[in-house]
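One chain, chain A, appears in both complexes that follow, with chain B as partner in the first and chain C in the second.
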Partner chain A sequence: MKLYAYFLMAYFSLKESLTYWKDYISFIIFSVFRLVLQLCAWYALYHSVDFSPVMGRSYETMITYYLVMEIVGNFTSANGIAGTLEQRMSSGEIATDMLRPAAPRGILIARSWGEKLYYFIPSVLIFFASVVVVGGIQLPASPGVFTAFLLSLCLGYLINLTFELVMATFAFWFVEVNTLRWFVSFFTALSGTAVPLWLFPSWLQAVCRALPFQAAAYIPMQIYLGGTSPAEIFSAFGTQVFWIIGLFLLQEWLWQRGKRRIVVLGG
Partner chain B sequence: MIEVENLRKDYLVKGAKEGIFSRGKQKKRAVSDINFTIHPGELVGYIGPNGAGKSTTIKMLTGILLPDGGTVRIDGLDPFHQRKQNCRNMGVLFGQRSQLWWHLRLDDTYRLLKHLYEIPDQQYKARLSTLREILELDEFWQQPVRQLSLGQRMRGELAAALLHNPSYLYLDEPTVGMDVLVKERIRELLGEINRRDGVTILLTTHDLEDVERLCSRVMVINHGNLLYDGTMAELRRRCPADSSVTIDIDGEPSLPDSLRNVKREGNRVSFNFSRHMGEGELLAKVISQNHVRDISITEPPIEDVVRDLYEGGEAK
Partner chain C sequence: MLRKCKMFCHRIAWFFQLCGMTLSMCWRGYISHKGWSALVHGIGLIVGYLGDYVVLYSMIMNFPGIAGFTALDVCFLYSMGLICYALGNIHTREFWKIDDLVLRGGLDLYLVRPVSPLVQMFVRDIQVGYISHLILGLGCMLMVKGMSGIPWDLTHWALFFFSILAGSVVMSGISLIATPLSFWWGKSRSVTGFIRGGLRGTLHYPVTIYPKFIQLLIYIIPYAFVAYYPCLYLLGKDTSPKAVLYPFISMLVGIAANFAFWVFWRLGLKKYNSAGG
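Let's turn to the complex of A and B:
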């Protein structure tokens, strides 16, 4: 079965990534370190003065936000697809993808799943370990809310995926996508993965709402934390689906134009 | 059948940087209106110097690049717009690029290809065991690809290209960087694949021995122009490069004055001779005027023949 071939590619790319296990260990240590620093900073802030009125949320909520975001951010991320395409274009390896009776984008996505799993597995472990260390986090208000959170998480991944594919198509026009990547890393600050968006001034929040980034990670997070009515949840889904369709059409349009420009470098 | 008509491909080459803004782009024609037809079961050599347009042609035949003009049809399919369909019936090997998973074992790649090409179980097993046998893959079957020698890896690559039993095989410099023995082995294998399964093979190479040993037909390209398309023997005949003749003569030799590059060593005389310049009669004269005991004619090395052709193409 053809679909199985894509699973195999994901599995092989995970297996290949694991060859570099020393990289892996330093990545895990770095992740733990980053999380501990964030938690310490919030702990210090909240315990020096009563910070809740300023922040609008309690210390517990803040800790929950960061820990759950560890999962949400990693799950919804589709990072690396544009970079992989760029690298395969500049090394000429793209040619070998085009020789297969398969969709080149399918191959890219399947490979990215392998890498995704590579990063996601430790983030789940770190999450559970941290929950034990801090002595528990807030849970979703009901199984219904939890289900909505999971669904929204999947939609969030699709937003990032379609956005990443839009980015990837730029590789057809500029063989170097690196500059673009810097540009995008600026926007990740507006996605809610680093700082909760409720801390932003209202004009910046308005800017964020007009961009797809917050719909990927911040919307699922808000659903998790609760306080959203069923109507609000449905409208949040609507926003997510809107971005998915829009970005999907955009990347399809760009891809059809871009693939004519493929140049295979290196002989 | 591969049908190529008026095929053209241009590349944009960035010109030298003049100032900050003006960076002119130049069009470089990589393949210029070439035409050829390859029939099923042929083994065709495609040669030319670096940058002549060989690889570009292959990339258009395999559907990686979109031609800027002309058409390619492979069994009636357009390789770019009907890429997936065309892929099912072709195998490709780029000598400078691996299609195997670097850190995994060979059979991992093959298992993936089985599913990508949707090869039925039985057919896959039969095909794999045949390829394992003729390509002698067993000795390194268990090793990750990164640990294989170039010759071993290339055998693995060939198996990957042939696993789905394609009718067309495109080889872009399959023997690059190999030692003489391994080259010889790869040539044997290619010949066998062509004879056994009737696979149509198009082979680009810099090693003219590949072509001499394997190909019934050769195409020469330079600066994007197809300079020659025909048999190897005809190519030799056409070229002005000299053959050298050595004769052993009894008694005092009597030689026409118009002989070129004459060397004498006792009873042995050697001189240069070119069919191209109508020197056949001259040779006949030498033979009739002397008591010739032995004669040997050495064809010009094929490199000379092709060099003449390349240089001729440049002058055009």
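Let's turn to the complex of A and C:
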């Protein structure tokens, strides 16, 4: 019953976003443009080396990385949860959420799924259109690798989700989590979503590997491209599960302490 | 005639006085409301943008360059874009909420007052927090200038400051130009978001890397005039006498973009129907 309620919340959130369909169509068109802009930059960079491999990766691999990352990035993203909680804390609406017969975090996640689908559906359509137009996109080596990629993708989403919930819980203490997000954005820039980690200097790669962000998007991409051997795939899953459990426990601990601090004024 | 001139000067003086008062009010409000967290927020912004520099530099370092621009040159372009973005958007933040203002009728508040709604909205939410962008952008630009070893004479310095001014005027026009779409569509978040954010990526790279139709687009939505053209002379990429004129052309383009916004806004305002009650 509760699951159905969450499903409805996600559905209504998506429906609300789709009400302004002109805005949605322009979003799709502009997403294509954004993709083309970045592809132009990669083309120009590889053109400067006559399309010879750089750091052992060919131009085709780079284009595949970038196009598939559009889907990976959109699917694994859990952005918006912390912002929504911050907003509901400031307006006092959090009190209503706490009184509802559903978990407040469940409500936040369900609503974020509505928003997520809004962005995810076009990204998949654009990906298939790009495969047709650009061509030469590398496919996973085998169905087994593809299955591992899909599983890793789901784990990647859970990493980002638990991390976003950790960020959200800070709203109980700071009210404004935006500042914290700016500090974190330094590290999320190094997650591999914008530029693959193999282009970073080795010391920076080591720093990135010690953080959860690369586990969310870069690990699935490495599996997709065949950069992870079958034996390493299990260790990659292990890394992802480690971050999920660690971040889940942290957010649970923070949430239990944070919710006692809620003070809502007015009536 | 003299009387009209006097009135015009009086209005201009009043506008700047209003800007000064609002700036001081916003600054005091920002510091007293946020206190130390304002400083922490400022540092957070600098740290966040540093991540972009690291990514951009690491990406291009692995290649000889991009269309004749080295990684350092690209960082210079990025910094110019960052500074112009900050200066050009100091007064535009209220327009970012135009969807809500139109859909919920919040614009009524500006229309019933005896001052132009445009002026009120310009000074409503002045962004003093952009000082972080300026510190980081200027710091990085001067660092890149030192590292690249290009000698700058007085002309370079004069053009440097004028380019920042011109780029900021262009940026202001870009940020504002699509906002009146909300009067027709209700929501214009995607279009304004794309113009303000999606196309902003073109500031980082030389214009010549893009195909003709995209080049045309960034001449129409004039991102090419924010950083690329004004920086050509400063980076020594074009030392011909005509390159000195690019910042001046940018300024003209910026004025035209702001004028186009003004016309579009006036048309949109006629279309506005209040909502709520």
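Definition applied: the second predicted complex is superposed on the first by the 247 of 267 C-alpha atoms of A that agree within 3 Å, B and C clash if a C-alpha of one lies under 4 Å from a C-alpha of the other, contacts with A are read in each partner's own complex, and residues count from 1 in each chain.
Heads up, the rule we're going with is that a contact is a pair of C-beta atoms (placed from the backbone, for glycine too) under 8 Å apart; a residue touches a chain by one contact, two chains touch by 3 or more.
This structure is a prediction, so every number in the text was calculated from the model and none was measured.
Participant: Answer with clash or fit: chain B and chain C placed together on chain A by superposition.
Facilitator: fit
Participant: If you stack the two complexes on chain A, which partner ends up touching A:Leu249: first (chain B), second (chain C), both, or neither?
Facilitator: neither
Participant: Of the partners chain B and chain C, which touch A:Phe200 in the superposed model: first, second, both, neither?
Facilitator: second
Participant: For the combined three-chain view, what is the angle at the C-alpha centre of chain A formed with the C-alpha centres of chain B and chain C, to the nearest 10°?
Facilitator: Computed from the C-alpha centres, it is 80 degrees.
Participant: Under the stated touch criterion, which partner chain does A:Ile262 make contact with: chain B (first), chain C (second), both, or neither?
Facilitator: It touches chain B, and chain C stays clear.
Participant: Where does A:Glu16 make contact in the superposed view: on chain B (first), on chain C (second), on both, or on neither?
Facilitator: It touches chain B, and chain C stays clear.
Participant: State whether chain B or chain C is in contact with more residues of chain A in the superposed arrangement.
Facilitator: C
Participant: Contact-wise, after the overlay, does A:Tyr4 reach chain B, chain C, both or neither (first, second, both, neither)?
Facilitator: Only chain B; A:Tyr4 stays clear of chain C.
Participant: Give one of first, second, both or neither to describe whether A:Ala95 is in contact with chain B, with chain C, with both, or with none.
Facilitator: first
Participant: Of all C-alpha distances between chain B and chain C after superposition, which is the least, in Å?
Facilitator: Minimum over all C-alpha pairs: 6 Å.
Participant: Residue by residue on chain A, keep only those touching chain B in one complex and chain C in the other, then list them.
Facilitator: Looking at chain A, the two contact sets are disjoint.
Participant: Quick one: which bits of chain A touch chain C in the complex? Just the residue numbers, please.
Facilitator: Against chain C, the touching part of chain A is residues 20, 22-24, 26-27, 30, 33-34, 36-38, 40-41, 43-46, 48-49, 54-55, 174, 176, 178-183, 185-190, 194-195, 199-201, 204.
Participant: Touching residues of chain B toward chain A in the complex: what are they?
Facilitator: Residue positions touching the partner: 11, 55, 59, 62-66, 83-85, 87-88, 90, 92, 94, 96-99, 101-104, 108, 111-112, 115-118, 172.
Participant: Quick check on the complex: what are the chain C residues that touch chain A?
Facilitator: 37, 40-41, 44-45, 47-48, 50-52, 54-55, 58-60, 62-67, 185-191, 193-194, 198-199, 201-202, 204-205, 209-211, 214, 217
Participant: Show me the residue ranges of chain A that touch chain B in the complex, using the header's touch definition.
Facilitator: On the chain A side, the touching residues are 1-2, 4-5, 8-9, 12, 15-16, 19, 92-93, 95-96, 98-102, 259-260, 262-264, 266-267.
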